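These notes open a run of structures that come right after.
Shared chain: chain A. Partners: chain B in the first complex, chain C in the second.
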Partner chain A sequence: MTITKNQRKKQASSGNRLSPYQRYYLIFIGIAVVVPFVPVIIRAFSFSWFWPSILPTKWWWEARENAWQPLGWDYIFSGPSHVGEAIINTVFIAIVVTIVCTAISLPAARVIAWEKFRGKSAVEFFLLTPLIVADIAIGLGILITFLQLGLTGGYVGIILAHLIPTTPYMVRVLTSVFQGLSRDYEEQARLLGATPLKTLWFITMPMILPGIMAGGLFAFLISTNIFLLTFFVGQGNIVTLPTMLFAKVIGGSSLDTIGAEVALILSLPGLILLIITERFLKEEIFAKGFGG
Partner chain B sequence: MRKYLVGLVTAMVAMASGATSYAADEEAFRDAFLSGNLSYDDVLARAAEEGEVNWFFWGGSQALNTWVETSVSAAMAELGVKLNVTHITNTRDAVDLALAEKATGKGLGEGSVDAIWINGENFYTLAKNDLLFGSFAQLLPSSQYLFWDPSDARSGANLFDFGFPTESREMPWGAGQYICYIDTSRLSASDAPTTFAELEAWLQDSPGRFTYIAPPHFNGNTFVQEVMYAHNPDGTGHAPFMSSAESLGSAEIARLITPGFEYLKRIEPNLLGGSDPVYPKDQNVNETLVASGEVDMACRFGTSAVHTGISNGTLPPTTQNHLFPEGYMIGNKNFIGIPGNAPHPAAALVLANVLASPDSQISRLETIGYEIGIDAPKLSSTDLQRVADGMPPLYGVTLEGLGNNKVPDTNASLVDIIEGVWMEYIERGDTSRSLGQIVADVYNSKYGS
Partner chain C sequence: MTELVLQNLVKKFDDVTAVDNFSLTIPTGGFVALLGYSGCGKTTTLRMIAGLEEPTSGEIFIDGQSILHLAPNHRNIGMIFQRYVLFPHMNVEKNVGFGLRMTGVHKDEIRERTKEALDTVQLAGYEKRFPSQLSGGQQQRVAIARTLITKPKLLLMDEPLSNLDAKLREEMRSFITELQKSLNITTLFVTHDQIEAIELADNIGLMFAGEMVQYGTPEEIFNHPNTPEIADFMGATNLMHGEIVDLTPDICKINIDGNLISVKTQPDATVGDKITMTIRPEHMEFFSVDDDGTPSANVIDGTIAEAVYHGGTVSYYIKSGNIDLQSRQRSTVTFDTESKIKIHLPPEHLWVFPGRDRQPATI
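Presenting the complex of A and B:
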């Protein structure tokens, strides 16, 4: 979702061709994205914040010097918080998921986009089912199966589980990319004597690379945000940023400083990746990715 | 969440890959240790071989978690044992996990829980299911810092856990007293109620300014128990509540608790939320209610909680401890229990010994202000001085005040009944049955008619 907004913001800054309605819509979206984050950011740098104060009664940096225990960010960066471990786990799992997801989605998308076969629409629908079925239903089913297979409590099980919600997005994005291309380019290359491998590397890949980047971005962002599947399959043995955040807020008490800090850190991988990939992306990829 | 997992694991674990069985070896070790044929050095050697220990405890306190991961981990690492901690939201979850594993036939050396921070009902549950390692506590070196002589009244807290005999099957680790706290910026200590009658009157003047934690959380159960003590129709306070449910019988229990429950029903419309009363689910939620100014007073276990809360910014600096209810403030100990299917029994014994050692106890007191769970008169004069120096500020109360108002906790089997009655009579607001009928029904569901 972040991407559409980002893209729209870009459009907003680039031209004056927007109608007033579009402009109001953009302002609304901007507020919807930014405003909920403001209290979280303030919370993350506060020490104590009591009703009815609008701003914290004491900030973190004012309190940390006299503290007899690591407070706020000092705690986050201390060993016992396990935040470092959670970041490494989250990013590692997301990278592997993205690579594996790309590898299995590329051939599937190519066939769906370019070939005609019986039951094609059924296959397309089937690929989307993980987006339709509730998380918890998938999670419970996976847990039972993985317990039988002995796949719980480890990275392999979590990575397999993460492939389920990520693959539909990846296939969807890549299918649109392939549909936007003519297979004539590949045929032309083959006619001129290129091997299939050369065709893939020099012709197909450069054309679909932005699509892979877009799909990979999706897969990575989705994976870094999955809580339920990670928790079910990991059985609490493998701590990631979402499971850590959930453990912090499940108490039902208000978001405390540590919880807010974990929430901020959780949004970092996606933000960094977005900045890195943006320069590689062409906007039409997204447009097509959503339009199908 | 863990609860659902445990349920599923119970159903599925039989199909999951089975663990290699070292049970015979572990059982031989257990029998030799419990019969006194092994020295502590033998235990240490075996613990180092086992190499790790899985400790499950309530992970809601960041201060405690940090202390464990620095101090306890280091002490265990020195002995060649890696400490794996699992933070749980409710001690019951660890008990359920051990029970689930037992149900699938996992015996000593095959489970996943080595040690649990435990007391009361949860210990009672493990004992009733024959899922305790054995009478180990007095065989460990740290037991010298505790009273064990049954003829000495000071041994009571070590020999009985919620009226249930510990039989050395758990090691004392901490001590606590149920206490209330007020935000003096809104409610001064002199205006705050000190008895249940005053609480009722105060709530009538300022409705909605108080609530208590919902049973079955132990912090809620304890409040309800104090109400029962104070409203005992015979005026004998806690005395009859020391007996087991079976020895009292359902009619006598109903007679004892009826005035207390009528009181709880009476104050309910004036609690936070009024006609739709809000009972916070644990002490952290209740603390948030105080910090955000929704209530002026709250109650929980732990005299150091105010100190901790002010220090990490979750409570306003104007918060103070408050003696309530006068004469009925339940105090008890909490323990380290070892399940009968612990995967690393020797390492679990070493952990229990380390945790009950003066060094560890005093380190915890000095670092995070937790009351010591070993008995001060048994300490050396040097250690005693360190305890005195390490005491956190008590914010508005004194040790004498706490001691003078201390009463023992309710028998675990009665806690079970009272908690069940609370759920029916208060939470569900069942008015179709009389209170006596509800007590009888709850009693019969546990003990048959």
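Presenting the complex of A and C:
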């Protein structure tokens, strides 16, 4: 096994040499992804930064010593900023959304992938509509309904709202996973004496775990980035990183230091999750997740 | 002790009738093979017995009790799938012990019985391997161990050997026969390979288009097929049409394309009946035209149209007037293409099909 690992490495380094065209293309993509972040990062560590200077005239760490109140990151990590609360809210909501979304999507995907029924293509299309209809239309729609039901201003309402854009992704990912999974495994387990629930737990779940990971990562990332629905349904009662960021930038023409810092923090949950799941990504589980 | 009874089973998928009015009884310890073309409904029949498919109508009894209301996990029926279906995320030990874990057997007993089961299939020492690290034959044996460990009342096997190479298939055939006999477990085995069915089973059920067309011992089906289609499926492609011209209580003379062929008289034969008969390719005897030892009766003239050499045998395609015959002979005696020969059709190997205008008559 040790040999194969080395061999694989060798093959990867020698076998996948890029053409110059491919290399330039990758560099271009890299620049396109990273460059927009640069001003945000600089902004997050600056105190004063004005047109037309390329770098800040005063950095945050130069200004903080003789400031009479917490500046920049010091403010972020101080109580009154509510950033800690926003992080906790964002992550908590995202975790619950991911779990509930998986629980809803699993049976749906299984049926769509394995069963033939009348109106199947209609159901599949219907599942995609949240991706087609504009956020704001959905948001206003739910707001009216949720106001009636008294679901505004609380976690339950926000979590329900977040399920709308996350579930279509999850169902799609899991459907293609189930399509690649033979029903024989479940049937064999049943014949060996397993109840449907035990079959789900001991056979189906472990076998589709890669798909659940991929779908879960999406659901989590989508949830942590939702502004509009959270803002509408939360009614300002519940502060998350996106609502906080939007509050910071909504009126102003430019990104201030605090806003830039919140933006950076907002990217953290995804980044951390990506690192955690990196092991799975390496094992081409992502590819499997989309294996359709 | 398990007797399986299928009673008028029907399964319809939308407008396709996969299984049609299918009845079968397997006594305790019996080994029956379901034999038929691809798509004739063999798998569907097994799946209904296992509880994976609900019959459109009909009944399934085990020891006199209907099992239709039972979920698959309560039927205690073992099924071996064509593609083994080992759980890829579990090693051999976990795979084999799965059924016992699901039914809450104590850990120590599971270990004990897993070891026993792996011994039975000659895979001791493979406990920690994963399915992907096993050969096809080994995977199949793990699948068998995994099913047998739960002590099923009934064993269903769906073409379990079709994914194995020829040599391994031979080995597994005798392995399965021995195992089945030693456990005395009632077994229904599905295959589309007639040799496999003949070698393994006590009885063969022949299934065409969802219906049971003949049921009997391998010998009956092989030598006495009910219809030309069955004969063809069993590899006897020779069809001869004729008319009964003379009858004595013992001998029945048939005119076949101008040749007078004798067979043993069947009870309700009458002169003038139109019949169809067959002979298996390996049962014809060839003589050269000038051979003095040629029998005097049941001999027809023929010309060899084509000869195909196999390993130890030669297939001859023969024309005799309007009759086309196919024969298999030991390759020591060889006849060239176009050569004229005399063909002896031994009366004991001629088989007259029973049927509406094919009068029952035999041997």
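Note that in this section the second predicted complex is superposed on the first by the 256 of 292 C-alpha atoms of A that agree within 3 Å, B and C clash if a C-alpha of one lies under 4 Å from a C-alpha of the other, contacts with A are read in each partner's own complex, and residues count from 1 in each chain.
One rule holds for everything that comes next: a contact is a pair of C-beta atoms (placed from the backbone, for glycine too) under 8 Å apart; a residue touches a chain by one contact, two chains touch by 3 or more.
What you see is a predicted model, and the numbers here were worked out from it, not measured in a lab.
Chemist: Putting chain B and chain C on the same copy of chain A, do they fit or clash?
Modeler: fit
Chemist: A:L140 contacts which: chain B (first), chain C (second), both, neither?
Modeler: In the superposition, A:L140 touches chain B alone.
Chemist: Per the contact definition in the header, classify A:R190: touching chain B only (first), chain C only (second), both, or neither.
Modeler: After superposing on A, A:R190 lies in contact with chain C but is clear of chain B.
Chemist: Is A:Q235 contacted by the first partner chain B, the second partner chain C, both or neither?
Modeler: first
Chemist: So in the superposed three-chain picture, is A:G150 touching just chain B, just chain C, both, or none of them (first/second/both/neither)?
Modeler: In the superposition, A:G150 contacts chain B only.
Chemist: According to the contact criterion defined above, which of chain B and chain C contacts more residues of chain A?
Modeler: The partner with more contacted residues on chain A is B.
Chemist: On the A-aligned overlay, A:A161 touches which partner chain: chain B = first, chain C = second, or both, or neither?
Modeler: A:A161: touches no partner chain.
Chemist: Contact-wise, after the overlay, does A:S182 reach chain B, chain C, both or neither (first, second, both, neither)?
Modeler: second
Chemist: Touch test for A:W68: chain B only (first), chain C only (second), both, or neither?
Modeler: first
Chemist: Based on the superposed arrangement, let me know which partner A:C101 touches: chain B (first), chain C (second), both, or neither?
Modeler: neither
Chemist: With the two complexes overlaid on chain A, what is the closest approach of chain B to chain C, counting only CA atoms, in Å?
Modeler: In the combined three-chain model, chain B comes within 48 Å of chain C at the C-alpha level.
Chemist: Which of the residues in chain A come into contact with chain B in the complex?
Modeler: For this pair, the touching residues of chain A are 46-52, 57-58, 63, 67-71, 75, 78-81, 140, 143-144, 147-148, 150, 152, 231-232, 235-236, 247, 250-254, 256-258.
Chemist: Taking the complex as given, what residues does chain C use to touch chain A?
Modeler: 50-52, 71-73, 75-79, 81, 83, 85, 87-89, 98-99, 102-103, 146-147, 150
Chemist: If you look only at chain B, which of its residues touch chain A in the complex?
Modeler: Going through chain B, the ones touching chain A are 1-2, 5, 8-9, 12-13, 15-17, 59-60, 62-63, 65-66, 68-70, 86-87, 89, 280-282, 284-285, 287-288, 291-294, 311-314, 316, 367-368.
Chemist: Which residues of chain A touch chain C in their complex?
Modeler: For this pair, the touching residues of chain A are 182, 184-185, 187-195, 198, 202-203, 206-207.
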